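Notes follow the structure.
A, B and C are the chain letters, set down in written order, and residue numbers restart from 1 in every chain.
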Amino acid sequence: MEINKIVSESLSAVREKNPLVHHITNYVTVNDCANITLAIGGSPVMADDINEVYDMVSLASSFVINIGTLNSRTVEAMIKGGKRANELNIPVILDPVGAGATPYRTEVAKRILEEIRISVIRGNLSEIKTLYGVKTKTKGVDSGDVIDENADEFTKAKKISKDFAKKLNTVVVITGAVDIITDGNNLYSVYNGQKIMSKITGTGCMCTSLIGSYLGATENVLVAALSGIVSMGIAGEIACENLDKSNEGTGTLKVRIIDAIFNLNEKVIIDRGKIMNEG
Amino acid sequence: MEINKIVSESLSAVREKNPLVHHITNYVTVNDCANITLAIGGSPVMADDINEVYDMVSLASSFVINIGTLNSRTVEAMIKGGKRANELNIPVILDPVGAGATPYRTEVAKRILEEIRISVIRGNLSEIKTLYGVKTKTKGVDSGDVIDENADEFTKAKKISKDFAKKLNTVVVITGAVDIITDGNNLYSVYNGQKIMSKITGTGCMCTSLIGSYLGATENVLVAALSGIVSMGIAGEIACENLDKSNEGTGTLKVRIIDAIFNLNEKVIIDRGKIMNEG
Amino acid sequence: MEINKIVSESLSAVREKNPLVHHITNYVTVNDCANITLAIGGSPVMADDINEVYDMVSLASSFVINIGTLNSRTVEAMIKGGKRANELNIPVILDPVGAGATPYRTEVAKRILEEIRISVIRGNLSEIKTLYGVKTKTKGVDSGDVIDENADEFTKAKKISKDFAKKLNTVVVITGAVDIITDGNNLYSVYNGQKIMSKITGTGCMCTSLIGSYLGATENVLVAALSGIVSMGIAGEIACENLDKSNEGTGTLKVRIIDAIFNLNEKVIIDRGKIMNEG
């Protein structure tokens, strides 16, 4: 329960500080990322031109890099923005969407990890395995490998994420049926969320934007990452509970996830967070 | 009824195969295209950089080209991706958004038709007329000409689409108040849908993504095109029926169309599909 | 009441004329801008390639320039499109999103004002102050300064907007808790709207698209600007009134704003418009 309390205090911090969260992200889910950032209490700004990324990131409390629809123009802006963020100690979160699907995506994600100090990397199992350097299956931007709490895969994923976090000196987050959050020393698993969320585009991207919002308001990077994951999972559960399954589906569900983040409060996090400290 | 059964089996095929549908599409409706692809049972990926389009299309079950917000960078990626799809016999669908509105749009659409073997082309009457080479009216990206089941225009549209399909050796789809689907030999008309759908941006684009999803899971191109059209039409009807017209409008309607696609099943297609085999 | 009647007649004009509203806008809120343009009765087209902007703007009834995610490629298209619009006397509206946040944004907004004759400029107080040339606070793309009807800031904002409108010979709109609309001679303030609307991304952009739609259907630029502001404010109020605050939030609210614009009619404008003629 103690950890739920700490997460709930992060939410208060976001709402109090209203951090400016600069994004260079994809055009598929950008609107949802902006709206969920506002809903949690942050202030989103999306600016990807090389002529202004240095200045914009300088104003921000955190910087989100999402390679979902990367191109050669925006990749340079990601690098320039990331370097500036590093200079100013502004935390950077990387969402390596689709790493492993094409060589270009994998190379860009690796280049970002080499050139920029990343506070949090959040991906699905395939993306994280790809960047860690072990064999995996990918399906476009979706994971071919699945984490399941009973599967052997879960044990392996915990080991990989911990090793990877240590190696990079960053917080690694793997999202799936169970979520893993680790800084290489401590590891939390989160059991919130609903399977149907994978049938909405951008639940991963939105989760990254939530972590970005928490990063902009709290000092503890591990807690910020955990808070984003727990918030998204709880919001998905609430949205599902309110769904009339006879005629509502993923269209309504997405709208309700943003509603649930907007209405999220400390008590709900304390009551509903299913966080396990795995040491 | 027989054809309704065949369409319903296509839906089962999409849900079973979960085809990867690569899109190079516009930034106006891309989120809705991704969500409707997920809702029907496909797996969308949007990637438009010239450095990865070859690799990404190689993984896909079908490839959607939508020129809604084309630019000189993405046009080259469309061509490169289309050529690769052709090499691998991956079906390509073209949505020539706004062809006829500007010379550039018309030229690009024609270039794509010349350089790439297209399995399905889906447009409104103005777009198809433009590419077929007859005079038409356009209004931005909307059709200036309208198909109506009683009008003389409908007879002409059937002739044009059949000729055009034969000439290109492709399936031609014209959407409007009545929809036309033909491979040059057989022609189906579909009477599902609601006029209000034209007041939502992207119903055409979403329809194209649905056809793309079906193309990724069924061998018969004509059936795939028909299935996409019927699915969208039925979803629009269900969404309209659930609408409280006193205070709900096109915002809610769009959300409910995605819901209806998510909840679509074989029985609903068999019961509600209004398909006429016109020979 | 007289002015409410005039605004309500503008709505009738939009619905009758169905103006084509060409946009070069950002990829964050573009889908909402397209849908709200359709909902009010316009016909949106988004085209930003330098190869077609000249031709596309030539077909349009008005031209919206929104610099929300500007880049060096689209800025040139904005300028080219704007010059063509000026040649044809097609009204141009500028939304200088984030002017003041970075030097690049400020320079681009100023360049547009220098090279193109703008009919309406709509921004928040920080953006307008920046372009007028007085000191201000910005927070990313949000205003750091707030207009409040009782504050001294309101009196200053009225003076600035009037002076700026005279200097540029344009209509200046400042949106905030109270909205200001002036052509330099007459000034209206509008008291519709709800604070929660600032927690949705794109309410400003959508407002600009509404003004663009009105500009495409009415001769009087001041009335067109006023009509867009009043429509958005009333829609926000209706959407809020219908909100079940126990579990609905900004996700649902955005959907309902588009619904409310779709269902807006002359009587609602006459009954609910809170417009004050300040001389």
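Methods note: contacts are C-beta pairs under 8 Å (C-beta built on N, C-alpha and C of every residue); 3 or more make two chains touch, one makes a residue touch a chain.
Since this is a predicted model, take the numbers as computed values, not measurements.
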Neighbouring chains shared between subunit A and subunit B, ordered by label: C
Copy pair subunit A, subunit C: interface residue numbering same or different (half cut): different
Inter-chain centre distance, subunit A versus subunit C - centres from mean C-alpha coordinates, in Å: 33
Where subunit B touches two or more other chains, by residue: 27, 31, 254-255
Contacting residues of subunit B [partner subunit A, same complex]: 20, 22, 27, 30-31, 34-35, 38-39, 43-52, 55-56, 59-60, 73, 238, 242, 254-263
Residue ranges of subunit C touching subunit A (in the complex, touch as defined): 26-29, 31-32, 68-72, 98, 101-105, 139-142, 199-202, 246-252, 254-255
